[in-house]
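Which chain is which? They are A, B, C, D, E and F, in the order written, and residues in each are numbered from 1.
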């Protein structure tokens, strides 16, 4: 049995549960998915500052997962925070949801557009598109200006759906990518409204993580992603010492 | 039950069988994999000319697959011949093995090197790396100068394995990508010899195709990949008329 | 005497004749131009599928041209179908009209815009711009949504001309490129309407092909474009065996 | 009087002192430089994991600096950890030493090579070169394989100097960039040995930070780098709540 | 005492004086700034032709500066004319104002837009953004269509300010770059109107040039920027023989 | 009758004559080629400084050509000096030899390598490859370290030929580009020695210039390349006033 841990790096537990449901819906019956939140960190991630403070807690969850024999991890925040560090720590593969969503999008279309929460996060989405090699395929990153924690309120779903439909038209993109883990369960609705494939990164990352395990693949430990060197960590963060 | 058809676009049937075995080894028990070769085309693909003449037969297999209710397709040749045309024809997703291998490689490392058959095909591999967005991640494309149909002969396996080990060292890449469907069953051996993750595109493409189906994703029909317009096709090729 | 063969890869013979006239108008009096269509293939090329099925017939024309001592070839379809395969087959140079048009455009301006037929073909035009190195120079690819075979009907000429004028203004491009061989004889009219240089790829490719012959240049046979290896081709396509 | 705070994000205090000396040597007499280390974090930074765990302590120092009226900050680690988050937090400019070194290098040459500590950090250096726009100018990133904390031992200085001289020759680069704050005081020696300009990022960043203050420039707060939104931070990290 | 020479490469002396004032305002009290114009050349630079004819006079000023012991130079025209040649001639660093402005802009924001004089110069600005590595950071280059020599007339200041405010909004850029040395003294006003950091390249280049001197950095003479080889120059230009 | 003027921008008259011969060899019998040198400028061009001082004389030749009714121009120096300015001045097309050679090279191969004179000029060649869009196709720029004026001495021809053969092997390029107008008459010899297509930019540019005239194409005057604005030019350069 494959065990995939989906880590919601913020501390909003209802969101974690919803993310878990979306992840479980796409894996084989023989795969177990556990969805967790760190014990420390911000209640939502909407800035570089929030990302930075979410990462230590996220890494603690990776460390706990390693002790529990987890096979692969998903980082369920569209900024893919801590992805490189997590890869150094985990024996199995680790995928971010922005990364996975962009991979999936380019498998079913030549171009995609991202619909995300706040405009201040669009710079990070573009940076990731560049890093992963998908900048030429990305036609636009658009913000609905709804904060992460308001996504579960009724009007958000309609507003995001409407924006996605308008973006698909304006950008002429083949695919829409949902730019926040809090939108994971909007996928079916947005698909109906836009008529194009819509990617929820949580589902995509979870299924691809399961695939990497099935393919016998792990993060390369040859160079950059080798296990961190043992050393002294001072102060409050000593709990993360490996 | 999901049905994935793996099309070996050359007419070498033993290779088709070996490809089918590699594909079946990585999917869920509830997924059926059928491996086929076109009724027409070259016995191996080692040039742009070979690719061009393999594509009509490959498209005929896609058309046959559509009539048989196939859910997704894999094009099992590292030049990804006919990929765009196949996407227009098939209702479900279509993946090339170069494409899938490069996606998988960048999920488990920052850089990869490709080991392929003849030097004359390295230009095509680089072209695909550019098109898919992975050119910056690709550190090298190397030829063993063994023709496709000789890969099944005993010395080939050792020679490819040795080249992979040497390339991993020289390029300093995190991952090795096997650049021919005829190398699909070398994967375990090369992994042992290099100590880095080794990607067989047949396995990667088959598993990712199964994943796209599980995620409910199909090729976007919004623009470029809409179904071909009905029109008159003249001459020997009339069988491909849709 | 130099002999250039212009191949219209679809089977619309009136279009082939018009293409031939445009090609003949720009070469020296000592150069012979023959314009041909394949005996098999689609009546027009408006998708990747159409391109794929046009290529075998196109390659048969190249093979026939080689037997007739043709010095250079032009592929007169803006998707440049089969270009790489044709280069392997022909002793002399081969140019696609998209390729030639983009070369010419960047010789007389810093930026250009393409006006083409159906929106579904714009992805291919962008792909070629990237492959040839002209993506940064290309400011836009615009569709008039007139099918290829309707271009010869009277309203098409006016509609294309109007779109070109509007595109030149909107994109602020230095040059307009006509994105279909069926527009070859619109060149003078569009030039008058836009006030900027307008490139017809048929004329540009034919003249550049003549130039390459005059310069004593042939496609390099050093690696990728070496002659295809002799091998067995099965089925209907046996006629293309080399 | 301008007050610049140079933050060494590891907890190695002797290194912090040495960094402070290098920074003070290049500013005007009217500028005060304070060099600090966080109270928590790793003793050296040699992995993504180390970077991730250094950032919260670094941000605490930024927060403390804001209360003390600091005018600008330098992050003295060649991975530029926490740069984006620090920019959100600080009213004045923030520069990373990799960033500043690459800016300086391209002001005095067309190409540069980086000499850094461990090979596992070269991926991060390349990633930064891409992000800042200097990838085409960067001819190589080379590791001396000396851990950060061993740089202050006598043999390190000679080994790094020798590697720089060899790299300048091999890469044919115009400029050498020292890829670790622990090499800051090697600058004069390496300059003598290589005969090319040698950039210490600590000096460059400190002087450029002073320049930005003199120019009246601060990080734009228009979008991405607006002050983080007030929200609840849970657990050990509550001290960083803003 | 550091001596920086700011060269206005056109012959409009009032502009030279204004440029000198802006440059002097940002350097340390121990730095001397001299602002000069060549004895020959165009009265304003608004085309490639103007740039080309401005360069010999500019190089004569560099040669004169070398005899006078100048420590660093600024080329105060947004096309950065003659920058490479000046670097070969001068012992100390040389900065162009476009170059310096783009460096400064990317130190305080992720994206910037340029506001310049005539539309015909926007191609050159983009070319420089590409050359320096800042093309991805540049969101737009916009022309106010006011000739250089009209910038000192009262309506120009208001028109440029208004355009900057509109551009900041439309492009969503973090930073505005003033694209002409004749706008150097608009900086404070445009900053107030836009609410984002505004970069005057004259100030930025002068302060960065002073910084490079303080850092002990000079243009690398290793290869491309080695001193020009002694040779015979014929005709009117003999005065420039070195 | 078409009149093409080939301008050798240095003052070495024997080189001008040799260039003229190479140019005349590739045009139609109805085309006249005149080869000229400016009355002022450096005797050879081997630095940015030399280029800068060659340009005013070159522009004077363009101006003279316009008065004489010249149809198109070739700038016969591999740095393509003054190309943009010349385009503003001339009614007909203007081509640089680096530009033309790179266009021709990518028409007959996927990759090329440049062999040039001094290593200090390789930076400029790379810059042009980037500007024209051919950087990905360019596999290397190599210097023979023979000064321009020594190219006509007997040992040069053998040394350049040998370097070309070695470069073709090492880089694995499809095509060799001769990187100096002084190598124009080495073309046949290098072709024999390397077995790959060899491009002399003088021949390529002359023939392409003739082609652009035959195609009815001129430099776009829509924006950047509009005729320079009338204005006052002061000093020795007054002769260039337009």
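Criterion: contacts are C-beta pairs under 8 Å (C-beta built on N, C-alpha and C of every residue); 3 or more make two chains touch, one makes a residue touch a chain.
Protein names from UniProt, one per chain: A, B, C, D, E, F = Aspartate/glutamate racemase family protein.
None of these values were measured; they are calculated from a predicted model.
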Next item on the list: Look at all chain centres (mean of CA atoms) and spot the one farthest from the centre of chain B.
Entry: E
Margin query: Going by the touch criterion at the top, tell me which pair is linked by more C-beta contacts: C-F or E-F.
Written below: E-F
Notebook entry, point to check: Is the contact between chain A and chain B built from the same residue numbers on each copy (over half shared) or from different ones (under half shared)?
Noted result: same
Item checked: Matching chain pair for B-C (criterion: over half of the contact pairs shared, by residue number), options A-B, C-F or E-F -> E-F
Item checked: Farthest chain (mean CA position) relative to chain F -> A
Check: Can you give the whole-Å distance between the Cα centres of chain C and chain D?
Finding: 52
Notebook entry, point to check: CA centre of chain D versus CA centre of chain E: separation in Å?
Noted result: 28
Notebook entry, point to check: Where the CA atoms of chain D average out and where those of chain F average out, how many Å apart are those spots?
Noted result: 44
Notebook entry, point to check: Residues of chain A that touch two or more other chains: which are they?
Noted result: 110, 119, 123, 130, 136, 172, 223-224
Margin query: Using the touch definition from the top, list the residues of chain B that touch chain A in their complex.
Written below: 26-28, 30, 93, 95, 99, 103-104, 106-110, 132-137, 168, 172-175, 191, 195-197, 199, 203-204, 207-208, 210-212, 214-220, 222-225
Check: Considering the complex alone, what residue numbers of chain D touch chain A?
Finding: 11, 38-44, 46-53, 55-57, 59, 82, 84-85, 87-89, 119-124, 127, 130-131, 147, 223-224, 226, 228-229, 231-237, 239-240, 242
